[in-house]
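Chain IDs A, B, C and D follow the sequence of writing; residue 1 opens each chain.
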Amino acid sequence: MLIVMESRATEEQTEKVIKFIKQKGFDAHVSKGEDHTVIGAVGRKVIDKRDIELLSGVKEVIRITSPYKLVSRVFKPEDTIIELKGVKIGGGNTAMIAGPCSVESYEQVDSTAKKLAGYGVKILRGGAFKPRTSPYAFQGLGEEGLKILREVADKYDMLVTSEVMEVSQIPMFLKYVDILQVGARNMQNFNLLKSLGEIRKPVLLKRGLSAMIEELLMSAEYIMAGGNREVILCERGIRTFEHITRNTLDLSAIPVIQKISHLPIVVDPSHATGLRDKVAPMSKAAIAAGADGLIIEVHNSPDTALCDGAQSLYPEQFAELYEELKALAVVLKKKIC
Amino acid sequence: MLIVMESRATEEQTEKVIKFIKQKGFDAHVSKGEDHTVIGAVGRKVIDKRDIELLSGVKEVIRITSPYKLVSRVFKPEDTIIELKGVKIGGGNTAMIAGPCSVESYEQVDSTAKKLAGYGVKILRGGAFKPRTSPYAFQGLGEEGLKILREVADKYDMLVTSEVMEVSQIPMFLKYVDILQVGARNMQNFNLLKSLGEIRKPVLLKRGLSAMIEELLMSAEYIMAGGNREVILCERGIRTFEHITRNTLDLSAIPVIQKISHLPIVVDPSHATGLRDKVAPMSKAAIAAGADGLIIEVHNSPDTALCDGAQSLYPEQFAELYEELKALAVVLKKKIC
Amino acid sequence: MLIVMESRATEEQTEKVIKFIKQKGFDAHVSKGEDHTVIGAVGRKVIDKRDIELLSGVKEVIRITSPYKLVSRVFKPEDTIIELKGVKIGGGNTAMIAGPCSVESYEQVDSTAKKLAGYGVKILRGGAFKPRTSPYAFQGLGEEGLKILREVADKYDMLVTSEVMEVSQIPMFLKYVDILQVGARNMQNFNLLKSLGEIRKPVLLKRGLSAMIEELLMSAEYIMAGGNREVILCERGIRTFEHITRNTLDLSAIPVIQKISHLPIVVDPSHATGLRDKVAPMSKAAIAAGADGLIIEVHNSPDTALCDGAQSLYPEQFAELYEELKALAVVLKKKIC
Amino acid sequence: MLIVMESRATEEQTEKVIKFIKQKGFDAHVSKGEDHTVIGAVGRKVIDKRDIELLSGVKEVIRITSPYKLVSRVFKPEDTIIELKGVKIGGGNTAMIAGPCSVESYEQVDSTAKKLAGYGVKILRGGAFKPRTSPYAFQGLGEEGLKILREVADKYDMLVTSEVMEVSQIPMFLKYVDILQVGARNMQNFNLLKSLGEIRKPVLLKRGLSAMIEELLMSAEYIMAGGNREVILCERGIRTFEHITRNTLDLSAIPVIQKISHLPIVVDPSHATGLRDKVAPMSKAAIAAGADGLIIEVHNSPDTALCDGAQSLYPEQFAELYEELKALAVVLKKKIC
């Protein structure tokens, strides 16, 4: 931590700051510049930097150690590769995750999954518990939905991912799903994150609607601090002033995260844009930017979907896009599955 | 719901849209303008408007019924007044809520509360479970903290409010606190909101960091839909590009909410600004804008606080501010307690 | 400038950085911490800090000198008070500026100004050149509008302020107005700012729609660097996700700016909220937060206004508000005129 | 325009609204729904919708005609292709624009352009007038810079684009450059836009830092309304809460704009990200999303650049990226030059 004193700060004020940080358990290294005296506070203690900023004569306090450790490339330089029944995510392996927004019936999931499996998709997505802004909207089939996902996935030899909303639901999810999703609105539900740190299945953590990348990494740190090392990050669009698209997909988050963290980062173009005809261009852009995977909504009959039909691809549209992505992957020297 | 057709839309496209909405259970009223044909879809069904927007020839779909009902002044024109042991919030009654950011010890809470009670404050605040962005930061004393709050509050005849973070904590909170707080990060933790709808104690619901007012009201609707009619809304600053202040206090939310909802709205200037010397001007501004209450951090010894000391007032600063607020209240014809 | 090296940085990398900054004309002070080596770069040169951030081994580069000088309280500790024909703005003097959004006719301005002058208002506002997002909307009366403003103001012994949009308009404005306004959309029109630095009349500079306070101050610095020391800052609402109000009025900008700058700061509640019934609560809040003035839209007949009628007060509403503000000013120990 | 009445609105209130809009020159079509009466206001007049929203009984007023005309695909369904000395932009033709951030000397521009021309680049960029937030930073070489650009471009048979900041500079720019750029900070400098409408050279218009797509299109409408039909739009990143990247590149703007407008849209990954190592992934993503061109900063010696060196590519890095982009273009069935 660096403490920059005001140019007008007195000797006495500087002494008081040094005394203060020593009391808090830090060592102080003083360096006098032309304009400003800078105090380096060295130590392992946690302190709210604003407490120092309020001392008289202090201009600014600058934290120099990263708040995250386990998620950082400094801690683990090589890419984390999540591997599940032969399917790999991360380290040059691009995973395709597809399926309907929400589970509506066995027939719906079965007919969608059959096609997806036929195209080569290995991971099936589907919502059983739905976070809806209105208490009067369809809230999902609950456990029945998870059962359907598992049954269909087993039939076509696929993996399952679905969103968990509450600590008490975790044991139920462990019975049915392979990857537990945390939705954008729960990115800072710290109790949920802590509990997910105690399990030993991968967690797909979505970036919050107005979260900075550092906050996403801190939430991943919560999970990893509990001992669960298998976290997949997910960029799904952030809230901006633009409202033609539902959210703004921040694709630069991909190279940014890949530089500072070893965790894989996948992209959800369906929720980010909210409109079917924007899913294909944004999927291609995500792959070109280096994403480790895509999570795309596909519905056997989007026009009758109970939720988010407007952003779901028809299976045939998805098939066509998937072929284009494979062609791009060849040029980009990536494996896609 | 109004469906605006493109100026180039064909007769056939319009017919197809009418057929579609009739299938979904709506009546259709068509009105042909100079440029655009507009279809009014009348009915009580819930439909994702984007499903219609994707039909060919459709320019725009406009929802005209408010998504919230119970929180609206249309539903209940007169102000909701929350009354607890003689203390009133709302309808011209301005409540003062004060106390430390987090409970650290019996002595700390006792010495702070003694002073606050002496000044006339009736509601004590304090955090026992703390939502921290870092898993390595102080996370609160837990149930022990709630016990301390209750004990001290009873000693000085005060009410208690504290933040609940998880569904499973609710029964514990009901034993100790009078008003349950929902923090900004949990504003859209829908499972928590639903469970709080089932209790019969007031809930103080904080606006999310990047939530729009309508979303705050929808979250309140979740609680009210469960049967709990005692919701206090709280403006605590929203995230903006400005970073000299921690967040930007949106005081215009006060008159906006007071027009469309009957629920009381209080303001938290401590978290909004994050700095002690901005708390007094923002408190005065909130009262002048018509706030139904304030929630202010006060600590017996801010310099040694384990959390947010930098934004906590010294008891003497608080006392001085409280007097100024009372003088303002007289001019503004409001009661403050 | 402080350069923080990565914890894994080699001795060689540190040497390279030191060599680099010395080449750029800085002195280097090295301080080795437990985790990080920090290099203090001391000197007066301007350098893009990202150039250093790209050197290998560098974790972060931190600028510690403020980018502004003349606007800062370090440069001039006492409040700047703008004085024009006996009217003062700043240093405890709160100025009321009022008038129609745009000048439509002599009769309109005359009838509005007559009432305002009667209430005690000393500064008349009105737009002659209007920045409109659509090329097809009313663009103002131009020079004819300025003439009307001047004539009416002289009749009632008032001062005039109006918005200048272009460098080439400055000589014309100098003939008619007492305070030149720069609109939010021109806050970073640097050529305009430079030219306004060369005149010797006060400039009222509005904060840009998504400008940070530091950027507003930098724009004021442009004007002051040219030699014009009379700048009045204006908070007029920033763009946020909320869209019930047109913009979000950031009242915490008032105490923030008053701490770091000596310049007066006034508030425009009309443009910030965009709705007449929000102007009164926000005006009272602004005064309570310590604003040095208000700029309020008043129209003799808002229902027929060519521009922004919806946010203009009726003269009688304004009169009532003005009385309330005077009562508040007494409690707050401020002078208002 | 559609006027939705409150569910509680009286017959009398509805009548008053109808009378009001008829006075303003509109026809009224009334349609009574179950909950709400909706009034369609048909006509060509311009009216501020907030004036109607303030009438009693009115719930909401909805504008249904687009504010822009000439930029819209409704007006001109086929893609606009800008053609300059055989170089095409738009309609499947992807243009590469490259060069240094600012012109520093003849040698610098010459040595950079020589390499770029060798790689096949046809359009040279470079800043002669620089919009800098600090009045104390390097402001560009001015006309001398434009002369250098022209001379070097002619030597290597290239086109030139450079940023114009002020109305009075336009005649000078017409002498030297082929495409006039408008920077993000001037996107709503309406006087500048109007003047650019009167020239007959292409204008490259950058999206403002917090501008919505509709606002960008309205600014393009200003230029086109003056008679200049050759506008190239440019996405260069928007301001968001994320600050690891300088701005957030909104690549979904590409398919969004291509649907509603016929104008070409190019992407500036250098300013958007602000860091050299993010330029390559974002350039590839932009092409994959369908961009009609790229504008990339390349400097013969970024380490000594006077401006933005940190985001400039080395010529060799650019050459490598260019080859990758050409390979991608083949897969995407686009022409790049």
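Structure notes:
Everything that follows uses one rule, which is that contacts are C-beta pairs under 8 Å (C-beta built on N, C-alpha and C of every residue); 3 or more make two chains touch, one makes a residue touch a chain.
Source: prediction; values computed, not measured.
Ranking B-D and B-C by contacting C-beta pairs places B-C first. Each chain's centre was taken as the mean of its CA atoms, and the one lying most distant from chain D is B.
Between the CA-based centres of chain C and chain D the separation comes to 27 Å, rounded to the whole angstrom. Centre-to-centre separation between chain B and chain C, using Cα means, comes to 31 Å.
Computed centre separation for the pair chain B/chain D is 39 angstrom, with centres defined by C-alpha atoms.
Each of residues 210, 239, 241 in chain B touches at least two other chains. Taken in their complex, chain C has these residues touching chain D: 46, 48, 50-51, 53-54, 67, 131-138, 165-168, 185-186, 188-191, 194, 209-210, 215, 218-219, 221-222, 225-226, 239, 274-276, 303, 305, 307-311. Chain A makes touch with chain C in their complex at residues 2, 4, 6-8, 29, 31, 33-36, 38, 40, 42-43, 59-60, 62, 64-65, 74, 239, 241. Chain C contributes residues 210-214, 238, 240-245, 248-256, 259, 272-273, 277-278, 281-282, 284-290, 324, 327-328, 330-332 to its touches with chain B in the complex.
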